[in-house]
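Consider the two complexes below, in which subunit A is the common component and subunit B and subunit C are the respective partners.
Moving on, here comes the complex of A and B:
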């Protein structure tokens, strides 16, 4: 075994590393959008008892306030962005080979988007439409 | 006609002499078929023989010439001056590694991690059944396809240099070591997965990774180490579920 080289210095990562290129920045955005998604879900779940008790029509309740509406809109945009990044990573995450050739990552991503669209459709028609009396 | 020139801003560090790294600027001839490594070699041959850097093949194969070029980890034998010209080119040692001298980094940490993941074919049956006539490890082209990409790694460590997780947690096993472990785990001839999993499945292995993905962007050989890491996470999770649902199984 040779003796390890004595290292001279190890430059530290700068605090602004995530601003040094676009992809690092988008990574940070992706991670932050998950925080919004989690926050929205936690608040929603804690408000659920009031909501089932008709809080949406009660002006004094949190969920009928404009602030909550604005926060929900922003969160929705962030969740959509996060879902977009997650579904686009499907082909990276999953490797499937049937026969001699692996299935292209793009096809796996597309399958996720199709499944997403179908799930949205089903939820809208089976749960939401009857709820709003459509 | 006067010859065109380009400026190279090179990080210098002479241990025992410099307290911290400094930047030295050299003016070298500009040729549009020159790569950064050619320019560095010009400096060493004609301007300053003390400038230290590593290289070997000058053809993108040996993986020893990685440096930060204009802030991005690149093989300097494949980074053309024309990508920066007429701006000056900034050349720094690979980020996230201890610097030994000038543009030379200490690669011991990576070498150690590489050996930890046992990047070679492991067979449990070799003692009783040596390889040879009657015992060949055959593989179909389709099975080769399962891991070929991950075997293209040239150990250049550009991926470590691009990884902010490795920068913050030097114990992280890192992209290339995991990609190579995955290469052997996916090899139909290999039986060593159970030996590698404790290392790559540990908290300093795959679970450190937050999927920044820059390792795969900078990789000069399209290895896609980020994919190897995410797929290993999925495989480990599957193993865990299987062991929960079928505790009597093998794993």
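Moving on, here comes the complex of A and C:
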């Protein structure tokens, strides 16, 4: 799928390059957010049949355990770091124009955060309000 | 001879879609199903079994089909986001050999997780 390295070429980078500098380290932490996002998602999916069978009311189930709570807390921290850095990069990644003037990057970032707050509120409201889908 | 990798935009597209899904929707899902409900911060009536079956289980209704399509979209793109990022994470950590094998493994795992999620959401749960 990718072009092979040219013969005789040896990458000069050491395997610990990302430990040499705070920015490199944070870049790798950001890469790692994907691992926690996918792990949380796949574990949640494996628990769905138990959840619809009442796992949240059963103290012995995984989703009622302190382990799940702690893992979710750690995952949330990583996912929020992903969200924070992604939304703050929006204005750098996307160029939009209204009329002759480009929209300031800061405004695009702010729009992402407002959309995020709205989405969070609406989804939490739907899942947590007993009258919806009860 | 150098060859342009024409597959890359496809995987990058899934990756970028997943980045948006993870940022926008995963925090609130983790907050609700990982912290608020297990932590007892929401009324028990919101997660009693009858309601959760109506919301996430079988038989599928119009309302819970929307929930399931939403969850499927978020989770499947999350898996492909992981696949692409983890592949490059391994390369960044100094993996030089077996790159094609890593690519197949990562994207195959994401595909398998996606199929598993579809079956769980639409057939089993």
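What we mean here is this: the second predicted complex is superposed on the first by the 118 of 134 C-alpha atoms of A that agree within 3 Å, B and C clash if a C-alpha of one lies under 4 Å from a C-alpha of the other, contacts with A are read in each partner's own complex, and residues count from 1 in each chain.
As a working rule, a residue touches a chain if its C-beta (ideal position, glycine included) is under 8 Å from a C-beta of that chain, and two chains touch if they have at least 3 such contacts.
This structure is a prediction, so every number in the text was calculated from the model and none was measured.
In the superposition on chain A, contact of A:114 is made with neither subunit B nor subunit C.
By the touch criterion stated above, A:96 is placed in contact with neither subunit B nor subunit C. Of the two partners, subunit B and subunit C, it is C that touches more residues of subunit A.
In the superposed model, A:129 makes contact with subunit C only, not with subunit B. Using the contact criterion defined above for the overlaid structures, shared-chain residue A:82 touches subunit C, although it does not reach subunit B. When the two complexes are overlaid on their common chain A, residue A:19 makes contact with neither subunit B nor subunit C. In the superposed model, A:31 makes contact with both subunit B and subunit C. Of the two partner chains placed by the overlay, neither subunit B nor subunit C lies in contact with A:104. After overlaying the two complexes on the shared chain, residue contacts for A:54 are found with subunit C alone; subunit B is out of touch. Put simply, subunit A uses residues 5, 11, 13, 18, 31 to touch subunit B in one complex and subunit C in the other. Listed in rising order, the residues of subunit C touching subunit A in the complex are 2-3, 5, 7, 18-20, 22-39, 42-58, 63-64, 67, 74-75, 78-79, 81-82, 85-86, 88-89, 92-94, 96, 99-100, 103, 113, 116-117, 120-121, 124-125.
Residue ranges on subunit B touching subunit A, taken from their complex, read 13, 15, 20-21, 71-72, 95-101, 106, 108, 140-142, 145-146, 164, 167-168, 210-214, 217, 224, 226-227, 230-231, 233-234.
Those residues of subunit A whose C-beta lies close enough to touch subunit B in the complex are 4-11, 13, 17-18, 20-21, 23-24, 27, 31, 89, 92-95, 97, 99-102. Listed in rising order, the residues of subunit A touching subunit C in the complex are 1-3, 5, 11, 13-15, 18, 28, 31-35, 37-38, 40-42, 44-46, 48-49, 51-54, 56-57, 63-65, 68-69, 71-73, 75-76, 79-80, 82-83, 86-87, 115-116, 119-120, 123-124, 126-130, 133-134.
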